[in-house]
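Just so it is clear, A, B, C, D and E label the chains in written order, and each chain counts residues from 1 on its own.
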Amino acid sequence: MSMQLWVVQTLNGLQLGVMLFLMSAGLTLVFGIMNLINLAHGSLYMLGAYLAATFQALTGSFFIACLLAVPLVMGIGMLMEMSILRRLYDRDHLDQVLATFALILFFNELVRMTWGPQAYFMAIPESLSGTVEILPGIPYPAYRLTIVLAGSGVAVGLYLFIGRTRLGMIIRAGATHREMVGALGVNIKLLYTFVFGMGAAMAGFAGMMAGPILSVETGMGEPIMILAFVVIVIGGIGSVRGAFAAAVLVGVADTFGRILLPPALSSMAIYILMAGVLCFRPQGLFPAHG
Amino acid sequence: DEIKIGYMATMSGPAASLGIDILDGFKLGMAHKGGKLGGLPVELIMGDDQLKPGIGVQVANRFIEKEKVDFVTGIVFSNVMMAVAKPITDAGIFLISANAGPSPLAGARCLPDLFTVSWQNDQTHEAMGKYLQDEGVKRLYLMAPNYQAGKDGLAGVKRYFKGEIVAEVYTKINQPDYAAELAQLRAAKPDGVFVFYPGGMGINFVKQYAQSGLKEEIPLYTTAFTIAQMVLPAMGDAALGLLNSSFWGPDLDTPVNRKFVADFRKEYGRLPSLFAAQGYDAALLIDSAIAAVGGDLSDKEALRKALRKADFASVRGDFKFNRNHFPIQDFYIRKVIKNSEGVLTTKIIGTAFEDHADAYHSECDMQW
Amino acid sequence: MTTPVLTLRGLCKDFGAIRATDQVNLDFFSGEIHALIGPNGAGKTTLINQIAGELKPDAGAIRFEGQDITFQPVHRRSALGIARTFQATNIFNGFTALDNVALAVQARDGHSFRFWKPARRVEPVRDAALTALGQVGLVHRADTRASRLSYGEQRLVGIAMALASSPRVLLLDEPMAGMGARASAEMVGLLRRLKDRMSLLLVEHDMDAVFSLADRISVLVYGRIIASGTPEEIRRSPAVREAYLGEEEITLENTATGLQVETHA
Amino acid sequence: MLELKNIHSYYGTTQALFGIDIEIHAGEMVSLLGRNGMGKTTTVRSILGLTRPRQGTVTFQGRDIFGAPPYRIAQMGIGLVPEGRQIFPTLTVRENLVATAYRGKNGRRPWTPADIYELFPVLAQRTRQPGSRLSGGEQQMLAIGRALMTHPKLLILDEATEGLAPRVRAQIWDCLENLKSAGLSILVIDKHLDALTRICDRHYIIEKGRIVWRGDSFKLKADPAVRQDYLGV
Amino acid sequence: MGKPADRRDRAGIHFTRIHLLYLAAGIGFFLIPLAADAFYTRLAGRILIYGLCALSLDLILGYGGMVSFGHAAFLGIGAYTVGILSNHGVESAWIAWPAAMACAGVTALVIGAVSLRTSGAYFIMITLAFSQMLYYFFAGLADYGGDDGMALWSRNSIGGPVDPGNPTQFYYLVLLLLAIVFYLCRRLVHSRFGMVIQGAGENERRMRAIGFPTYRYRLVCFMISGAVAGLSGALISNQTLYISPALMHWSRSGEILVMVILGGMGSLAGPVMGAAGLLLTEEVLSEYTEHWMIILGPLLILMVLFARGGIYGLLSPRRES
């Protein structure tokens, strides 16, 4: 492989990684902190894409669509938390799996009834449709570069928020002793709704960013959700830092696996990676619990 | 009396639009025959295989054991077809495939009660292979998902394309992003790229191909499976100008087709895809056979004979069944254009094959 | 009493910069209660974890009845006869008290690849479990789910489980913690009865209990044994007073319940 | 300041409290005594709304807090050192203290981490260590510190000296006396009767979910029968 | 006074009621082929086969706390064993079905050996990873149909008067196998081995401290569960006469998991009810509308929220509180 190709493929891996991170971040927070396995996270991703596509078609602007879709998905997420998921925190993981699996069915069908079975179209905004010369002689799609930058920005922001702010501390505290946090005077319910909404917003954002690259269709959230689960497990559940590292690792491994390995092996590459990591570090790369 | 037809297709999930298009085509065909087939009123019984062979078998058994249908039609995907073909035909029910045409059923394991009104899987790919060979493309790059249909598709192209194959790349099933593969492709600098990516995979691939700027550098060739009418809106301008092969196109100039396309647009408010055309033909085929036996479904032998004649006016013009009950038909090369209303559609620009038979019929020992 | 059941030689364990155990040498004899006291964070639990096998020492050796067990896994040591209780309650919440203890009995009996006979109908196991529960006075709670027991009762179940495995060495990490005065006194009685049959290592901050029970006391400070001796010697040691006991004055008198304590500030 | 009247609490269908009446006045230190499993912790949980009583009234500073969510009750000025410590294992020592600390500004000087470190110097050396890596006693100190950081008007300690070295325990009694003289109300559950009779104003004894005895330290000292019957001492 | 005798008494009442339920279910299933047409018999057979698979999952999940999100892999291995053997001319059930169990068991042994080093959510994900690997492996296995799968030309033969090709006979065979496995599993979970599995499911650290090498026990249990799932795979391939990688897709694992939870885990009978509940609801709803999932979804959610303990929990007398 030539030098150029290496650079481009690394960027491709990074871009995939960043997308995965946007998905995984919410998932790892909700999972690690509220102790909730939310299989329906992919549905929020799908909703983000559909809503953005609709708003883009209505307003003709990608950015206005973004401003409308992301808060809306956040709202839907919070509604979902308040109406159903909140009741599942104290339950077995399995009840959560069942309920959120049911939510997937519901949302997929809802989307199909609302938007029809055909895939939906989303165009890349005009200003980002070209390519950028990242290094002399190496063009790279501007839109994908935007994803890398925006995603990394969100990652840094989230890391600082969780690691450095008091709110972040409380969120982490709630991961292990929810009742106790309440007994110390924190409205943990509200906080959780907020955290869930944040995760939903990120998933919606990811779906929206993916819209112009991928097809906007029912069930589009499931494959990436499975990948996101792989990511958070490799990274260590509940760890934002771990999710980022693992997302990039998975992104790069998948990208290079696809071009360097025979097809049968490359389909399995990330699963082999995950099994390998867990073999040596059963708690993931950055276990959140000391 | 009445005939019962079981319609089985993928009606939910991302691939649902195929099943729906076939069904709409089929219903239009019935409507054109006065809501009847062969003069008999029709009870259409629906079954969703959810793209899962196991569910398909279940639906098939409902058709056989509970509903006791006379015909089964529909069937979008090869894996479902492979699972249900034998149980359905074993039960003495005629199976009219309106889409799937897997090679084993065209060859050694052909079935006397299975009629495929669409095509054999490889045929459409072969058409593009032939075209590329005729065009004198030298170095070709091949891509497909790593599953049976993908491998068959590329094999079809290679059967007629004799130039250099730069690379044959298989990607993961339902892989959403092709950035890495596109970067490799660009570096290989081929003269042309052929891909087989049906459904959502195709939308993603075509969009990303255009976004990476490759569309201007290297021509992309595909088939009607990637460039089907229902995915064109989602691809947008990225699809414009792409060449693809098919046995049919909305602009195919036959009287039947003109009426079909116009009425379909009137009825459903959209352009029909080739899947709709296949559904339409499936209805007409059944109609012609029942009419030929005078509505007497008890004589299977006579009915089979009538089906074999394919004595109806197909949207594709002339067509006849090979001895394996797969069609012998023409194949065209189409180009994606915007019509006068600004809607993306295809236009036939040439003929790749005339009266093309599939590659497996000689392995089928059915005699008639 | 002549040869120790369990010997620790030069045990060291670091957690990053913290030296949790530092060159610890101790001998434990059958029929003896050896108390280990020391300030919070001195490394007492860490030492127990090393003996039980949950932590691997960085240096040093552990010998049990002459056999080197330094690197044996937890379950092997347990099978050899080293049982422990946990500082934080650690039992099977979904099981009844009896089933909790029965499991421990089962473990003692050797491998459990027995797929046929219902475990609850194995009389010897049941009887042994009831006996162990009886020893801690919980027979009346035998059929209560452990999660519904009060904190103190849960701790008793933990001890019954340790007893049920008929250990040769019993490691007790703060058994009186969370127990009321009467329960503590009962615990003291129980431990005293047990000591004939095994060697006990008692980690406890309840000085009344420690001084009334222990045959020998070792004091651990910052991972080091700073003193080891009879209760009387320890009580008099200024170093121990400085590091651990503080101003507390301990006087023992024999009363009906076995102990009475006065504390002068 | 705090008044419980006729509290009945249940775990599922089993009743744990049968009509508890307790009152604590401002600046008072009160102990709740009883053997294991008699309902001390349940009483505490009922005060904070962690276990919601089926019946009864709870008033705090004259306001009815029955049925309010725990965080509201805590915000009104009740600090809890829970049974079993409940330290946040993934947070560092400092974060444990800061995360839920009091943020209001009402003139009184809230506790700072530095004050806590002064009280428990061991913690000062462990500020960046996660809670899960502390020894049992260190965790206990942290739990007390954490409760103080919420700047409570009423401090509830449920077996707060469990697992503490005698020296530290003595320190904590001293500390509680100081807090009390600074005006804090305190409800303490503990088994160290001698210390409690020394520092507490009044005592309640709970037996099988009912208050069976109440009175001041003098009365308690003078009544060995009560101590023998209900506490086993 | 909670004397042991008292306890046995209460258990006695509890047991007869449950036994009555089993008896009713057994008779019900027994009568189906006599009362219903071929279609419903087949549906009932499918329920039994998936019930068997769900039951095998319950063994590790409900009792051992091992949440396998890749159980469909063993189902698939069992099916492929039958398919591949039949492809090479081995038609006897006496060889093919034990072979299916053995292959699935060995696969479980290998997967378990790695996966059981982890716990909790990590275990969920690593089992998913392995099943996805197998899925992609078989999807790319062109010799045996790849993604299109392969058809079986006939059911396995048993010999004697029993003919699995006959739908009714096949149904009774399935029913018999399920009954046997059910009984064996009941013995197993109450045996000493079962107690260890349950203990390890609850508190593995404590189990080690009292002297159990838990890893070994869990691995054996995982293997048994895999083997039983393999048997259900052999049966399902015989029923549908068709095998494809779709059998191993993660969504299939999800469905099996849903059956267990819906039915009520840790009860063995529950998962069979869960299989019945899910498959029947699907069957009924999808006849009414193609948008049946919009109804099934909320229905499942209501089940979770208001019927704790699943269907089994609804039917059986509530456990003492």
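We take it that a residue touches a chain if its C-beta (ideal position, glycine included) is under 8 Å from a C-beta of that chain, and two chains touch if they have at least 3 such contacts.
Predicted model, so just to flag it, every value in this text is computed and none were measured.
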item: Topological distance between subunit A and subunit C, in contact steps; value: 2
item: Partner chains that subunit B and subunit E have in common; value: A
item: Farthest chain (mean CA position) relative to subunit A; value: C
item: Chain whose mean Cα position lies farthest from subunit D; value: B
item: Whole-Å separation of chain centres (CA-atom averages), subunit D against subunit E; value: 50
item: Mean-CA-position distance for subunit E and subunit A (Å); value: 32
item: Centre-to-centre distance between subunit C and subunit B (centres being mean Cα positions), rounded to whole Å; value: 75
item: Distance from subunit B to subunit A - Cα centre to Cα centre, in angstrom; value: 36
item: For subunit E, residues contacting two or more additional chains; value: 136, 139-140, 293
item: Overlap residues in subunit D, where contacts from two or more other chains coincide; value: 14, 133
item: Residue list for subunit C, restricted to those that touch at least two other chains; value: none
item: Residues of subunit D defined as touching subunit C within the complex; value: 11, 14, 34-38, 41, 83-84, 122, 133-138, 140-141, 159, 162-171, 191, 193-195, 198, 231-233
item: Residue ranges of subunit D in contact with subunit A within the complex; value: 48, 50, 69-72, 74-75, 79-80, 82, 86-91, 95-96, 98-100, 102, 130, 132-133, 146-147, 150
item: Sites on subunit C touched by subunit E in the complex; value: 52, 54, 73-76, 78-79, 83-84, 86, 90-95, 99, 102-104, 106-108, 112-120, 122, 125-126, 130, 140-144, 161-162, 165
item: In the complex, subunit C residues that touch subunit D; value: 15, 37-45, 87-89, 148-153, 174, 177-185, 205, 207, 244-248, 257, 261-263, 265
item: Interfacial residue positions of subunit A with respect to subunit E in the complex; value: 31, 37, 39, 84, 87-88, 91, 93-95, 97-99, 101-110, 112-113, 222, 226, 229-230, 233, 237, 263-264, 267-268, 271-272, 274-275, 278-279, 282-284
